[in-house]
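One structure follows; several queries about it will come next.
Note that the chains take the letters A, B, C and D in the order they are written out, and that residue 1 is the start of every chain.
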Amino acid sequence: MKLDLDQLRELIRLLDESNLTEIEVEHDDDRIRVRRDPAPVVGAVTSVGAVTSPPVGAASTTQSGEAPAAEDVGNYVTSPFVGTFYRSPSPESSAFIEVGDSIAPGQVLCIVEAMKLMNEIESEVSGTIVEILIESGKPVEYGARLFRVETS
Amino acid sequence: MFEKILIANRGEIALRVIRSCRERGLRTVAVHSEIDADALHTRLADEAICIGPADPARSYLHIPAIIAAAEVTRADAVHPGYGFLSENPEFAETCAQCGLEFVGPLPEQMRQWGDKVSARALAKSLGLSIIEGTELIQDVEDAVKKAESLGFPVLLKASGGGGGRGMHILQSREEVRAIFETARAESRAAFGSDALYFEKFIERPRHIEFQILGDKHGNIHVLGERECSIQRRHQKILEEAPSVAMSDEQRRDMSATIRRAMSDVGYLSAGTLEFLLDERGELTFLEMNPRIQVEHPVTELVMGLDLVAEQIRIADGQPLELPEHPLSPRGHAIECRINAEDPVTFAPSPGKITELHMAGGTGVRVDSGVYGGGHVPPHYDPLIAKLIVHAPTRAQAIAKMRRALSETIIEGIRTNIPLHQRILAHPAFEEGLWVH
Amino acid sequence: MFEKILIANRGEIALRVIRSCRERGLRTVAVHSEIDADALHTRLADEAICIGPADPARSYLHIPAIIAAAEVTRADAVHPGYGFLSENPEFAETCAQCGLEFVGPLPEQMRQWGDKVSARALAKSLGLSIIEGTELIQDVEDAVKKAESLGFPVLLKASGGGGGRGMHILQSREEVRAIFETARAESRAAFGSDALYFEKFIERPRHIEFQILGDKHGNIHVLGERECSIQRRHQKILEEAPSVAMSDEQRRDMSATIRRAMSDVGYLSAGTLEFLLDERGELTFLEMNPRIQVEHPVTELVMGLDLVAEQIRIADGQPLELPEHPLSPRGHAIECRINAEDPVTFAPSPGKITELHMAGGTGVRVDSGVYGGGHVPPHYDPLIAKLIVHAPTRAQAIAKMRRALSETIIEGIRTNIPLHQRILAHPAFEEGLWVH
Amino acid sequence: MKLDLDQLRELIRLLDESNLTEIEVEHDDDRIRVRRDPAPVVGAVTSVGAVTSPPVGAASTTQSGEAPAAEDVGNYVTSPFVGTFYRSPSPESSAFIEVGDSIAPGQVLCIVEAMKLMNEIESEVSGTIVEILIESGKPVEYGARLFRVETS
């Protein structure tokens, strides 16, 4: 192995100047990793191909401040405000949507009640409902994930 | 009796409210923006609800989100802290309409005192000396006329302004002509109103404020004064209680006057009457802040009470349980506001706090809103902590604050601690003289 | 007058001493081991000197290195803190020989009180009740005879022991025979002496201690009691002042007795007389600690004084300036010792503190020796901080301590905070009953 | 291995501006990973070429808890205790050693006075004095570097 020390120094300098703790570069059979502070505790993260998706639903996907774990990657409809989540317009009527249903932009997916107002949440994308993540009648906070969808 | 209180704020004041609630067995709900998901108030409240993105207009200032958060958590009352919605009468009204007790004055009281011109008129009618001033100014010619009749130097003020914003010191009629239209446009942009007026400009005034509490049973207590003369660009940075410039007699007289005045209007909850003290020893009313103040701890320390707990008791309909006779200050207290900002340029300095040691030991109180390993987001007030000391004498309090500042370690961001150290080392400050 | 004090200690007590010095304009010198190069006391003292490697025997216990550090920094006096060299009469003598004032009792007083048997005899001669006990034990047969004449259960103690080490509770002559030789060997290994004796074992005693101060002018002050009954394996973990078990009258009587006794021997500096309080309300003398104690802050809060500052004044030859009549405790104070240890297994938990928020707000005092972003080394006492609260009543102090514990964030290492929370939540503790 | 530093800087900037802790990019056989702040633990950062030297002088080299910077790597005689450093046995006499002098094990290099005792500090190695780091008469702490030596 031939070590390009100048390149390595450059990498170290970059790391030092930044807030990072690690830089890893791999090319062909070469791999360089420089790291600061100590070993990892939280297991790593974004798997290859974790492409950021366009926002879905009335609000953007949650930005919880942490990189999403591999299994969390996907498209979600999130709550645009704090309130109570309802899957149907009234206790007697049936749910707006069920798992497996196709959805289209503008289609009502659920209601979030806040300050006695029933706010209909509409889809902004076309796709299929994969999972319903909140029980009807439960409180939701801003950005709470309501539905997981597979966009088409 | 309240069981759960929602705190419509963040940072040190949110934690301050959590403390008083928790010591009394009240449950707390924190509301937070997305960027505050790991903030101290979010971590330490019994419940936490995300109410919007980092932008305060869409979170901490967004009334429907806060009310909805109170609804889903079944809170009994809302404490607004200071800043944000604390002086917004519509918010107080909305709380009332939704069956939530607002911890603060009545909406009409907030309106009465919120506008500086009507506040001045009200104070005058209640027997408080007000600073010589004019009616609202019509136009630039009217401005010249009014300024001359008042006598230069004059202070041009925006009726809707506050916290030192929207003010100009003018020395001559030429300056009036030069600045008037600009000031009007500024006021319109900043406060949504172009109502301007003049006040007599008092040179080298001390800034003295009196803390009051009123309950729903008509009791008013005046809890002594604070001196807040150390300011930077009209922003307070260091406060103390009592003021070296107030004699016991003057304090007693002023307290009686203020108590009468506030009893006449049936003032509710905590409030602060701000005065200017001129070099002849005259106190003139400046404004009334209908909320808890940043600097309330210095009063708590010298008076031996918990103002936030009293606010909550008052909102809950309980009578004040303070001694009938005015309390006398015990010892001396000083507060330094620690801001996340460059100590020279005063530019905000958000970021991750990599190392942290807040001062401790005897007679030191820390009210902070950050933790070591946490982040100071760039979206909010740079006030990250208050260092407050209490000692038997002012000289001992100064020595203690110097000691406390010297042992405070905050790395990763810059703070104004060096500025405080310069103030505390200043001989004029030590002598209790006016320090610019 | 002293100008510079060297602190022969580390951790929270070193910072505690720095605080009292700095508030009085005294310069401070920290000594530190290599691993403590970034420790809090190293960072916050005016000067810092590395005196050796991490091993305490080669640094904090190494007398020549500490004396040399005092020489090169031209310190006037040495404060030993607690632990390390604080009860070592040779160290105090060496200080005196080198022209350094030792902040503590005279070497002969340290010797008098350091040996438990001679301390018991001295206390008895001074009119203090001592626990029924025996002379030193000759051999196993003598042990059986002495134990039977005292009556089971008995406590077998090492004369050179302390801090709960070197003690065995024995219920029968069989147990005496079984354990005696082992205990003798243990004592020889641990304390360098195989002198053993018996004491009457008091079941469910309260642990009460009285704080005293004596100056070079013959003044002795007794500053009330502390209750330290909450222990784990004879190690105190939570202390309070005053004790719920002491009446005003009993406190007054005991204070007068102790004051007379200590005046007779001319005791110098701070000291603590430890007693057991049995279920009949009798106080029996246990031992005397001739130094500042870990739990001294609870006395400071209820008595309104600074014990470390008084120690320094005393060493400097100044007279005590305390009221002639005994002080009465004001309010109630509780201290929780925060240890870097697993709350279940009690294994030490050194490491880097990644997140830190110490409790703040009204009535909370923090005496800590660590900072967020810093390291807790594995070589020393696991005590990293003391949380101390002061409130008008014991119930309010308990509520405040629960609140303070709930808002303390220490990540990266484990602490015994959950243990304190269990104690504070225990109904028996709330009622002031004896808690095991 | 060819390193695109601009691309790397851009990645670092992206990470710094975000709330993420890690970005990993893989393309064909290239892989770049930058990471921030995942973990505690203690660990040394051994830079290339920083070879640990054997202890020299009466005490070991300083162990300040930080990895020595590249320019600090070398052999030092350090003070075995706190005291006052003297280069000569008395004010009138000449120094034990000067820069350029050869030294042998057991040779007296200086005196450190502590508690009125003059402690002679002897060399433990053979070599040459490259630099004298403390002025005579100045206080030194434990582990203070007194001389830099080139061992032979």
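The definition used in the following text is that a residue touches a chain if its C-beta (ideal position, glycine included) is under 8 Å from a C-beta of that chain, and two chains touch if they have at least 3 such contacts.
No experiment lies behind these values; they were computed from the predicted model shown.
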For the pair chain A and chain B, the C-alpha centroid-to-centroid distance in angstrom is 40
When centres are defined as mean Cα positions, the distance from chain A to chain C in whole Å is 54
Among chain C residues, those touching two or more other chains are 354
Listed in rising order, chain D residues that touch 2 or more other chains are 40-42
Among line, ring, star, complete and other, the chain contact graph is ring
Those chain pairs meeting the touch criterion are A-B, A-D, B-C, C-D
Residue set of chain C touching chain D in the complex reads 34-35, 37-38, 49-53, 59, 64-65, 67-69, 71-73, 98, 351-352, 354, 375, 412
In the complex, the residues of chain B that touch chain C are 15-16, 18-19, 22-25, 40, 43-44, 297, 300-301, 306, 353-358, 360-362, 364-368, 370-374, 396, 399-400, 402-403, 406-407, 409, 411
Per the touch rule, the chain A residues reaching chain D in their complex are 3-5, 7-8, 10-12, 14, 18-28, 30-33, 35-42, 44-46, 48, 63, 65-67
Per the touch rule above, chain A residues touching chain B in the complex are 19, 62-65, 81-84, 114-115, 139-144
